[in-house]
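There are two complexes below, and they share chain A, which is joined by chain B in the first and by chain C in the second.
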Partner chain A sequence: MEIPYTISTRPDTGLWNAKIGIWLFLASEVMLFGGLFSAYIFLRLDAQPGEWPHGLLNVPVGTMNTAILIMSSVTVVLAWAALKMRRYNAYWWYMLATIMCGVIFLFVKLYYEWPQKFEHYGVFLKPSALEKYEQYLGNNRRTEKGMEPRIEISGHLHNPEAIKDPSIKEYEIGLDPVFVDPNNPTNDRPHFLYVPPTDHIAKIEKEDVERIDSFGPWHSAYFASYFTITGLHGAHVLAGVLVFIYMWLPVSKKLYQRNPEHLANRVEVCGLFWHFVDLVWIFVFPLFYLL
Partner chain B sequence: MDASTSLPAAAGHHHPHTHAGEHEHHELGWWRKYIFSTDHKVIGIQYGLCGLVFLFFGFSLMMIMRWQLAYPGQALPVIGKWLPYFFGPNTMPDGKMTPEFYNSLGAMHGTIMIFLGVVPVAFAAFGNFVVPLQIGAPDMTFPKVNAASFWAFGVGGVIMLTSFFVPGGAAKGGWTSYVPLSDIADKGPGFHPFLNGQTLWLVGFIFLITSSLLGAVNFITTIIQLRAKGLTWMRLPFFVWAQFVTAFLLLLAFPPLEAAIVMQLMDRTAATSFFLPAGMIVNGAPLHISGGGSPILWQHLFWFLGHPEVYVLILPAFGIVAEILANNSRKPLWGYKSLVFSVLVIGFLSFIVWAHHMWLTGMGSTVSAFFQTTTLLISIPSVIILSAFFISLWGGSIRFTVPMLWATAFLPMFGIGGLTGIPLAFNSADLYLHDTYYIIAHFHYIVAPGTIFGLFAGIYYWFPKATGRTMNEFWGKVHFWPSLICMNVIFLPMFLQGMLGMHRRWYDGGQGWTLSGEHIWGLTGFQWNTPISWAAWIMGLAQIPFIINFFWSIKHGKKVNDNPWEATTLEWTAPSPPPHGNFVITPVAYRGPYEYSLPGREKDFTMQNEPVEPAERSRRAAEPALAH
Partner chain C sequence: MSLKAFHIVFVIFSTLLALGVGGWCIWVNLVEDAPVYLAGAIASFACALALVVYGVWFYRKMKQLRILT
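Here is the complex of A and B:
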C-alpha cells in the first residue's frame, strides 16, 4: 500500500501532502505564540506605573541575533534551490551555514544573554521609602515631567549573602548608570547600548525594601514573559537545528540519490518551519528589546 | 494501491514470501500489527477502546462523588473500605470522603470525561476509523504521525492517572483549573515540587494537546488530499464535514490553552507571576512573588479553547447522527448544503463566543454585549442542523435499529441541552444561574445524553465494518432504554436544583444551605440528590450489557455482509473488516452521499460508487431536485 501524493502533487489541489501539513502546523503555532503575545499585551496594559521595565536588554546583541536568524532564512532557501538544481555540494554548504546560524543564535542566548540576567538585581522599594532614595530615583523631576515614577533600584549586588542572612541590615548595590545620575535627561529614555553597572555603591536598608529579586522570570511580569517566550522560541530553534542536522548528515545523501525531489520537499517543509521561527523572532525583538 | 491488496486474500490469509519487499506490511509481527500500528483502523480502534475505558473510569469517579452528595458525611458501604487501598489512606478514611478527595474527583471527572474520553472517541476513534474509509482513501496521509498522536495521548493519559497516586492526590482546581487557586494548590509541605497533582495535570495536558495537534493536521490533510476520484466537496458525507471542522477547532483553539498551561507551569515551577496579582496572602503568610499577573488572563486563554472544545465534543456526534438518520429513514438527508454551511459557520463563530463563560468577571457591558450577540448568533446554525435532522425523519420509512434508537434519542436530548443554554447566553440571567447545578444539567444534556448517545449510535452502526459481525440487538435495547431513562432522572432535577441556587461544587450536596430546603415537586433541593444518585448508579449497571455485548460480538456476533445497513457511503464498499490498504477496488464516486429511495431503482439505496446510467442522467436533468 502506498499513500498517494507524498512527493508528486494532487492535480486538483496542486499540492503534495506534507506541504498542507506544515502550513496547518504553522497555523497552530501562530495560535500558540499568538496566545503568548496576547498575554504579553494583556499584562503590559495591566501593569501599574513604573512596574514595566524598559531598556534592560542588550539591543546590539539582539540586533546581531536578528541578523543571524534572517541570514539563516536566506541560506535555507538557497539550500532548497540548490537541491532543486540538483547541486548537492552547494546544498551541503548552505545547510551547514543554516545550522551554524542557528547554533550561534542559541549560543548567544544561552551563554551570554540569559546568564547575565541572573547576576543582576532589582530592589523594589516600599512606597513610603521612595522619598528617602530620591537621590537615586529622581522622581520629583519625573513627576513634574509627567513620566512614570521609578520604584526599583537595580544593579550589581555586592553582598549577595545579605539575601539569606538576617543579621545584615542593608543591601549594597553597584548602581546601574541610570541611578547614578537620575535627573540627567539622557537617562529618561532607555539606553541603546548596553552599559554595565558602575562602581558607585548605594546602601539600601532592608526595612525600606519591599522585595529584592534577580532579573530571572520571578522578577516581574516582563521577565516572566521574556523568559517564557524566548525560551519557547529557543526550543523551536533547537528543534529546527536538529532536523537540519539530520538532513545534512550522510543519511540524507542516500535519500538524495534515491529520490532528490523527496529530499527537496523535506527541506522545503522544514524551511517553512524555519521561516516561521524567524518570523516569531521578528516579533520578539521589538516587543522585548525596543518597545 | 498495489496489486496485492486488490485481491480479497489480502485480508490476512495470503502468504507473505511470494511477494516482493514492498509488501512487508503483511509480515508485521503481532506487536507492530495491533499495538504499534500505523494503520488508521487499528489506531482508531485503539483510541476507541482507550477512550471508552477512560469514559467508564471518569463516570466511576462521579459515581463515588454521588454518594457523598446524596449521603454527605456517611461512610460509603462495601467499596468505601477498599478505595483507600487504591487511592491512598487520606482519601476516604473509614469510608468517609475527605473534601480534598472530593475536589480531586470533581476535577478529574471533568478532565477525564472531556479530554481522555469523549474527544478521543468522538474525534480520534471515529475520525480515524471512518473518515479514510468514507473518502475512499487507503490510509491517513501521515500514518506515522497518526501513531505518534495516539502514543502522545497514551502518555498524557498515563500522567493524568498517575497523578492520583502522588502525595496529596490528583488536581483539585476543577477541570477549568482556575487561578490563583491552581497556582498555589498542591504546593508546600507534603507535596513534591514537580510530582504533585496540579503540575502533573499541566504536564499531562501538554501531551494531550500535542496528540490533538498531530491528529488535526493529519485529518485535514487527509480530507483535502486523499478524497477518492469524483468525491467532490459537496459529495462528502456530512460526517466527514463535521470531522473536518472539528479538526480545525482542535488545531487552532488548543494552542492558546497550551500557552496558558506553559505559563501556569512557569508560575508553579519557575516562580513567575503570570496569573498572580501582587499582595497574595496564603495560609496567613504573604507570598514572595513579583505580582503583576492577572487571573482573568487565564480565564480568557482557557475559554478560548474551552468554548470551541464544546463544538469539538458535539460536531462529531452531529456527523454520526446524520449518517444514521439518513440510513434508517431511507431518505436523503434533508438540506445537505444548509447542514454543511451551518457546520462551517459554527466552526467560525465558536472562536468568538468564549467570554460568555466569564460574565461574572465584570468585563464591562460593552464586552458582554458583544459576546452575548455572538453567542445568540451561534444558536442559529445549531438550530438549522437540528431542524434539518428532524425534517429528515419526516415521511421516511424509519427502521428502529439499535443505532437509530440512540440517534433519535440524541435529537430531543441535544435539543434540551441547547435550549436551556439560551438563558445562560444572557448576561443578566447568567449572573443568577452561574456555577449552579443548572449549568451542570445544561452542558451534560449536550455532552452526556447528547454526544455520548451519538457515540453509542456510532459504535453500534460501524461495529459490523470493524469486525464483520453485528452487535446483539436485544442487549443493545437493554442498554439503550435504562440509559435514556436514567440520563433524564439524573439531569432534569438538576435544573430545579440550579434554579434554587445550589452551587455546583458543594462538598455536602447543599445540605448546609437554607434554600436547599425549599420543596420542588415533593422533595427539597437537597433530597433530590438521592434519586439522582440512584439513577447514576443504575446507569452504571446499564452499561454492563453493552460491555459484554461489545466483546462477545467481536467473536460471536451475527456474521453479516459488507453492507449490512444497506448504506450508500464508500466505507460500505470495502470488505468487513477492511484489509490493510482498505479497498479491493479503488473506489470512484459518481454521486452524492445520501441517494436513498431514488425513483426508478430496484433497491432503495444507491451507493456512491454506482455510475450514473444514461437513463438516470436524463431523468436527473428533468428533475433538478435530484441533481446534486
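Here is the complex of A and C:
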C-alpha cells in the first residue's frame, strides 16, 4: 500500500505528512532539551560563589566542533537544494560532506574530549586534612582575600590501582598547574585553554581523602549535567549521521530515479532534524564551555 | 516552516553565537591580558560577518531559484 501525501500536500493541513510529523517530533525534543537546560541553569544559579567548576572544558576544541556543526548545516541545506535542482552528483558530495562533519564531531567527542575527563581525577580532602596539604591548596591566602577554600586537588592519577587496592596507602597525583602554584593570583580565575597535568607529583594519604572521583558524571552536578546533555546530543548526532548515510547510499539513488521529489522531501525532513540538533549545540556550547 | 526558513533562523543564531564568543574573548582578554583571546575575538567577529554575508547570499539564491517549499 502506498503511503499517502509523501510528495503532494494534504488538503486539510496544506503540508505533506512527513513535515507535520517531523515538527511534532521536534516539538517534543524542544521539551526534552528545554527541561534539561532549565535544570542545568537552576543548578548553576543555585551554586555557591566559587563552588561551580569553571574553565574545565577545552574551549578551542569546543569552538572547532561548533564550527564543524555549523558547516554541516550549510552542507545539508546545499544537498537539499541540489536535489531540488535535480543535480544528483552535487547532492551526493554535499551529503558526504555532511556525514563527514557529523563523524568528525562524534570522533572528537568520543575519542578526545570524553576520555580526557575519565582519566582526570579529583581528590576531595577531609576538612581536617586541609591544613596538611596547604602547599597545594593555598587556602590561607584565599581565606585572607575572602575567597572560598579549595577542598579538591585534581590532576592525573599515576596509580589508579590505589583506588581498589587497600594495601596502597596513598594516591599519586600528577598535579594540574593550579595546584603547583596555588598562591599565584592568576590561578584564582579559570583558564580556558587546556593545560595538561604537570610532572609535579603530590602524594595524598588515603586516610585524608573523603572521596576520589574521575571527572565523570559522578564527580559533580556540573559533570552530571555535562555528560547527560552532551551525551543525549551526541546520540542525536549519531542518529542523524546514520540516516544521512542511508540517504547517501545507492538505495536512495533508486528513489531519486523513480521520484526525485520524494527523495528531496526526505532530505528536507532529515535536514530539519539536523538543524535542530545543531541549534541545540549552539546553546550547549556557551552554557557549558564559556559561562 | 521549510528547511530554507529554518536554515535562515539557524544562521541568525549562529551569527549571534559568533558575536557572543567574540565578546566573551574580549572580556577574557581584559581579565587575563592574553593576546590569544584577542585573536579569538577577531576570528569570531570575522565568522559573524561571514555568516551574515552567507545568510544574505543564501536568501537571495533561494529566492532566485524559487525554491520555496
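We take it that the second predicted complex is superposed on the first by the 267 of 291 C-alpha atoms of A that agree within 3 Å, B and C clash if a C-alpha of one lies under 4 Å from a C-alpha of the other, contacts with A are read in each partner's own complex, and residues count from 1 in each chain.
In this text, a contact is a pair of C-beta atoms (placed from the backbone, for glycine too) under 8 Å apart; a residue touches a chain by one contact, two chains touch by 3 or more.
It should be emphasised that the depicted structure is a prediction, and the values quoted were computed from it without experimental measurement.
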Where does A:4 make contact in the superposed view: on chain B (first), on chain C (second), on both, or on neither?
first
Using the superposition on chain A described above, determine whether A:85 touches chain B (first), chain C (second), both, or neither.
second
Which holds for A:285: it touches chain B only (first), chain C only (second), both, or neither?
second
In the superposed arrangement, which partner chain does A:114 touch: chain B (first), chain C (second), both, or neither?
neither
Who touches more of chain A, chain B or chain C?
B
After superposition on the shared chain, which partner residues are touched by A:93: those of chain B (first), chain C (second), both, or neither?
neither
Applying the document's contact rule, which stretches of chain A touch chain B when the two form their complex?
1-6, 10, 13, 15, 17-18, 20-21, 24-25, 27-29, 31-36, 38-39, 42-43, 46-48, 51, 211, 213, 216-221, 224-225, 227-228, 232
Listed in rising order, the residues of chain A that touch chain C in the complex are 23, 63, 66-67, 70, 73-74, 77, 80-81, 84-85, 186, 189, 191-193, 268, 271-272, 275, 278-279, 282, 285-286, 290
Using the touch definition from the top, list the residues of chain B that touch chain A in their complex.
1-2, 5, 25, 138-143, 145, 213, 216-218, 220-221, 224-226, 251-260, 262-263, 266, 270-274, 288-290, 292-294, 297, 300-301, 304, 580-581
Which of the residues in chain C come into contact with chain A in the complex?
1-4, 6-7, 9-10, 13-14, 17, 20-21, 24, 28, 31-32, 36, 40, 47, 51, 54, 58, 61-62, 65, 67, 69
